[in-house]
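Right after this note come the structures.
Next, two complexes with chain A in common: one pairs it with chain B, the other with chain C.
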Partner chain A sequence: MDLNVNLDKKPVLSENVEKWLMGFIFVGLVILVGGLFLTPERIWSNILLNGIFLTALGFCGIMFVAIHYVANSGWDVVIRRVPEAMFKILPFGFAFMIAIAIGVGYLYEWSHPEVMQNDLLLKGKIAWLNPTAFSIRMVLYFVFWIIVGKKIISHSLKQDKTGDVRHSVLNQRWSAFFLYIGGIFFVGSSFDWIMSLEPHWFSTIFGMYNFSGMFTSGLAVMIILLVYLRKRGIFGKFLKDDHLFELGRYLFAFTTFWGYIWFCQHMLIWYANIPEETVYYIKRNIGVYTSLMVLNVCLNWVFPFVILLFKKTKRDGKFLVIASLFVIAGRWTDLYLMIFPSKYKTPVFGVIEIGMFLGAIALFLLIFFKAFSKSAPIPKKDPFLEESKALHT
Partner chain B sequence: MLVKGKKNMAENIITIRENLVGGNKTLSKVTDDVLGVMERKPTKLWWFGFIIALTALGTGFIAVVYQVRTGIGTWGLNKTVGWAFDITNFVFWVGIGHAGTLISAILFLFRQKWRTSINRSAEAMTIFAVMCAGIFPLIHMGRPWLAHWALPYPNFRGPLWVNFRSPLAWDVFAISTYLIISAVFWYIGMIPDLATVRDRVTNKFKKFIFNFLSLGWDGSSRTWHRYETVYGLLAGLATPLVVSVHTIVSFDFATSSIPGWHTTTFPPYFVSGAVFSGFAMVLTLMLIARKTLKLEDYITRKHVDNMTKVIILTGGIVTLSYATEFFMAWYSGNGYEQFVFINRALGPFAWAYWIMLSINLIVPQFFWFKKLRRNLIIVFILSLFINVGMWFERFVIIVTSLHRDFLPSSWAMYKPSIIEIGTLVGSFGLFFTLFLLFIRFMPMISIGEIKSVLHYKGSHGGKK
Partner chain C sequence: MKKYFIATFDNEFDLKEATVEYRENKLKIMDAFTPYAVHGLDEAMGLKPSRLTKLCFLFGFTGFILALVGQYWISAVNWPINIGGKPWNSLPAFLPVIFEVTVLFAGLGTVFSLLVISRLRPGKVPKQFSTRVTDDHFLMVLSDKKGVLNEKLAESISIKHNALKWKLEGESE
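And now, the complex of A and B:
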């Protein structure tokens, strides 16, 4: 097959779009800074939400790459540069979360020693829930993810030059290492950053719940980016409907997985009806929150499930993008429901939430396109490239 | 395997992809090899295994007849430990039954071509394991002849009706559905091969049987097309079932409010534990079958390698779940929860706990090393260990959570009676009897599918 696409550096963002993105980031920043004086708690909640959202996108990117290395899979080679570039947002997620570690007092009840001392239950958790340990763990998680992730990507990029199959073999090892340890860290981070917002409450499935949300949102973003890049002709004939089909199947499977985990947590807590646990859902079943709970399940599972049930829709960029948009909105709703009810009895929603989320997305897109345009759009010397090009479903 | 320097891409693929079938087979050689097992007279080794299995089955039969006649008072249960050996065995066997449909359905959807050598016998294993699992709740009913009362159908028993709120009733549906779909899936997948057998046998009686079983298969492309559509659909249907079965088994425990049982992570934890133990059992069986039936070219080291990798993954999830449970027991600040976990590790059943933990945590770690993954004797021994470790996991979960009641005056110990042990032996007997009969009378490797991957190595856009 002729390489009928320019495999060398290619700027993919026009200056105009870049300006718009910068604008969104600026607006987000203005809201952030202004809000810190007016409603600090709300701003901190939003920083946490967007920090976790961005971290999850970066984590999903590198996890997607790692999974396919470990599985010795070939079909994904053509699209691999997209998740690789998504990974580049992870350091920015780190920055957001460092901010959280600094502003820990606004969000986490447990950061106040006097509260911990006067609460019998919380007193027992001091060893885990204190600002120092929280920050150390956070740094540990991110440093591991970023260093090992960079290692994997650097091998992939080096292979572009040398074509040495050794990089693939080494990456298989690094990827297994990353998935095993990084996965445990992800579960830990979910307990730390989200579950401890309500320090009395606990749920052992919580890490997996956040994991499923991370994966679905990452896939959704990946699909939208791919459909867009393909429209711009970046991949030439390399990227086919078949690749989108595989991603559609992924999204279908993992939105259903999200639904499964959501159901398990909700059903078991409801059924056993133990006050220490039901308190979490009681807070989320009052007033407008109830409708958000329903909306959450619809956006994350029902809509994508119905849309992606058919073979045709899983191969069609338009339908995939619609389903993905639902999933991204669903991820926001899901995170909102995990974070905000711990602070607000009734939902707050307005310019702050919209502005900051759009700002975060703009930041992600800017970083993504910068990273993506730095290297060849497909790993041109990967040993499985032929296999990926020949993908036929 | 490592190739240095610039190489042609297609050549590079070949260094990474391994062939799925060894020994340069032709299409007809495959048919001969697989059906040869059925056509030859059984070996002495087969008879040896079969007689042992039958003896075990007989032991179980006696035990079951005795306890049904006498009542389940013959078990070691008491009013505190009301579930123990039987439910442990039940969960153990359901778990074993997971790998089969996972291999045939989920790996099919993932287009994992290596499944072709092992899917048929793994599916058979699933069906037999689920049958073994079914025995235990059936006997536990005390009056197994009234087992049909567990099904909701119009009846004259007045207000007696299935309690849909009980996870035990969900179990009835989940497991019977799983058994039916797995059996249908297994059978449908076998039809093309049954037709091959039909065309080869000379014995009139056999011809009649296989003619009937192959449902008039003619091998035309239209038939194949329909067959593949049905197969894909069944795979799609079976996939959620694989997950649902052990999820619902875990609900038996997790919907309660008993410390050590009620925890939200139980469903995914049970499912991965089931896949973990199921793959260990597939490895045990496949390594025996490979050696005794001389199928080294079909069940290659590559297959074993892949299965051990699945074991690393699922074993990792299981270990993470142990850790999460332990951590959360402490984190929750709930004294009862903390007591259960300390009691597991240091109480009277600590020996069982440490057997479970040391096996399930350590054994999978050996598989990180390629040398060990490819050493079949080591893999075989480790797979036996995992079977034991996963049996103990269920024992620990069930018995240690029950034997220390909220009321200390109810505290009790549990010891299985000889009848219970006899029943467990019997279930192994049933399992191996059925499996040995299966490899004797049915094509144990999917001939049609294995032919499609004969030239796997070069079939990916690279040079052949």
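And now, the complex of A and C:
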């Protein structure tokens, strides 16, 4: 195999594409700033949605790397630089969420002390749900994810130069540490940022539910980027159909996992029929929201499931990209249904939602390609590289 | 009289290369015996993808339909009982059972069809060409239904790919 030729080739976005991405980001920013004066609540909801979307992509990147270090897996080495570059969006997710911490009054009922004092049920939650604690926890989550994530990635990059096996061993330890604490923090973050939009309501599976959404959307983005980079010839012969097959199976499994968790939460609340729990679904089963709920399940589970049921489609870039696009649209719908019904009796959708989401995606792509072209496209001295190249499924 | 040509190799790479060449020379491959699953050997042998997956789907689908129709018929048609004020036809409550029955049918159905297809039954004595395939030997067994075999050709290919040994074995039917 031609090692040198492929490894020195670097993906640089053409200036034209970069300009387009900048344009989308600019449009998103204009909508954001303009909207803040016209419909602040709607803009804040959108900032929250896109902030969580970007944070989840970054978190999924580093979590994907960490899981494969801990599991001692070899097949993922060839594609590892993609999730590593995805991680670079996490600080931008932090920026979005810092903004949320500042604009906490627009979104969260619990940020008003007088509301909390006069509500018997909310009174007991004051210790957890108050703006100071909210900000401290948010900073804690992000600082942990970013510092430990950077540590793992820096070891991986150092190994490119030295080829020292010690870096892999150390990374296994760091990864285990990250998965334990970072996973708990992820559950905490979804309780904090999304579930507390409706402070009376609670669901213990909510963290898991968000985890599945985070993982499916991260995998979908990873697959699309890999198919694109392969088409550009970045990986040469290193990236085979077999690697896509592994990712396709991941996506297939975790969209089904999402469906399973979604149904768990829905069915238990529907069956138990306890008023303090059903409020959540009553809000989401009125009018247009009902059809959005059906659309959500179709986009996140039914369509990807049917598309990826066959071995051939899981190995084929085209089908994988179609399924991934459904999943990304599904992730947006999923987050929309978590966030917006708490504020709006009927769904709002328009230029603001589309523009800001496209802006967020453009920001992600820009950051991703900048980060990806800084290092060699594959970890060329990883001890597992040979195993990854020889992957056969 | 059925004849077998048995070539023994000591690693998977020689075995795979030899397999490709046997096949290119139109020698009929009966089966390969290896200590562990060798990746890529199925392609080298020209095996078709397993048909079990389709059977698995059919069994699963049968289970799905059976559980769906069964529960509907029981709780909405034949013996309606009011449980917690829920409607008689409560699809969300049926889904877990549908899921389980689908998995049960698909799993057991696939395992038993595998046993039937490969003619495995309790107490069956397998034909063993060498006991060392459970340790460090890789066997390639060639045979033809009619007992026609180009031994010379098979031998020369085996030598070319560093076979440890090769032999002819007959079996009276």
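What we mean here is this: the second predicted complex is superposed on the first by the 386 of 393 C-alpha atoms of A that agree within 3 Å, B and C clash if a C-alpha of one lies under 4 Å from a C-alpha of the other, contacts with A are read in each partner's own complex, and residues count from 1 in each chain.
The rule is simple: a residue touches a chain if its C-beta (ideal position, glycine included) is under 8 Å from a C-beta of that chain, and two chains touch if they have at least 3 such contacts.
No experiment lies behind these values; they were computed from the predicted model shown.
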**Study point:** Joint occupancy of chain A by chain B and chain C, clash or fit
**Key:** clash
Check your understanding: Where does A:16 make contact in the superposed view: on chain B (first), on chain C (second), on both, or on neither?
Key -> neither
Check your understanding: Is A:208 in contact with chain B, with chain C, with both, or with neither (first, second, both, neither)?
Key -> first
Exercise for review: Please indicate which partner A:271 is in contact with in the superposed arrangement: first for chain B, second for chain C, both, or neither.
Suggested key: both
Practice item. Figure out whether A:168 sits in contact with chain B (first) or chain C (second), or with both, or with neither. Key: first
Check your understanding: Thinking of the overlay built on chain A, is A:311 touched by chain B (first), by chain C (second), by both, or by neither?
Key -> second
Practice item. Give the label of whichever partner, chain B or chain C, reaches more residues of chain A. Key: B
Practice item. Using the superposition on chain A described above, determine whether A:132 touches chain B (first), chain C (second), both, or neither. Key: neither
Review point. Looking at 7-15, 43-51, 97-105 or 205-213, which bit of chain B clashes with chain C?
Key: 205-213
Review point. Which residues of chain A are in contact with chain B in one complex and with chain C in the other?
Key: 271, 273, 390
Point to revise | List of chain A residues in touch with chain B within their complex | key: 70, 72, 74, 120-122, 124-125, 128, 162-166, 168-169, 176, 180, 183-184, 187, 191, 200, 202-208, 249, 256, 260-261, 264-265, 268-269, 271-274, 276, 381, 383-387, 389-390
Check your understanding: Residues of chain A touching chain C in their complex?
Key -> 263, 266-267, 270-271, 273, 311, 390, 392
Review point. Given the complex with chain A, which residues does chain C contribute to the contact?
Key: 39-40, 49, 53, 84-86, 92-93, 95-96
Study note, to complete from the structure: Touching chain A in the complex, chain B uses residues 1-7, 9-10, 12-13, 15-17, 109, 240, 243, 247, 251, 254-257, 262-268, 309, 316, 320-321, 324-325, 328, 330-334, 368, 460-462
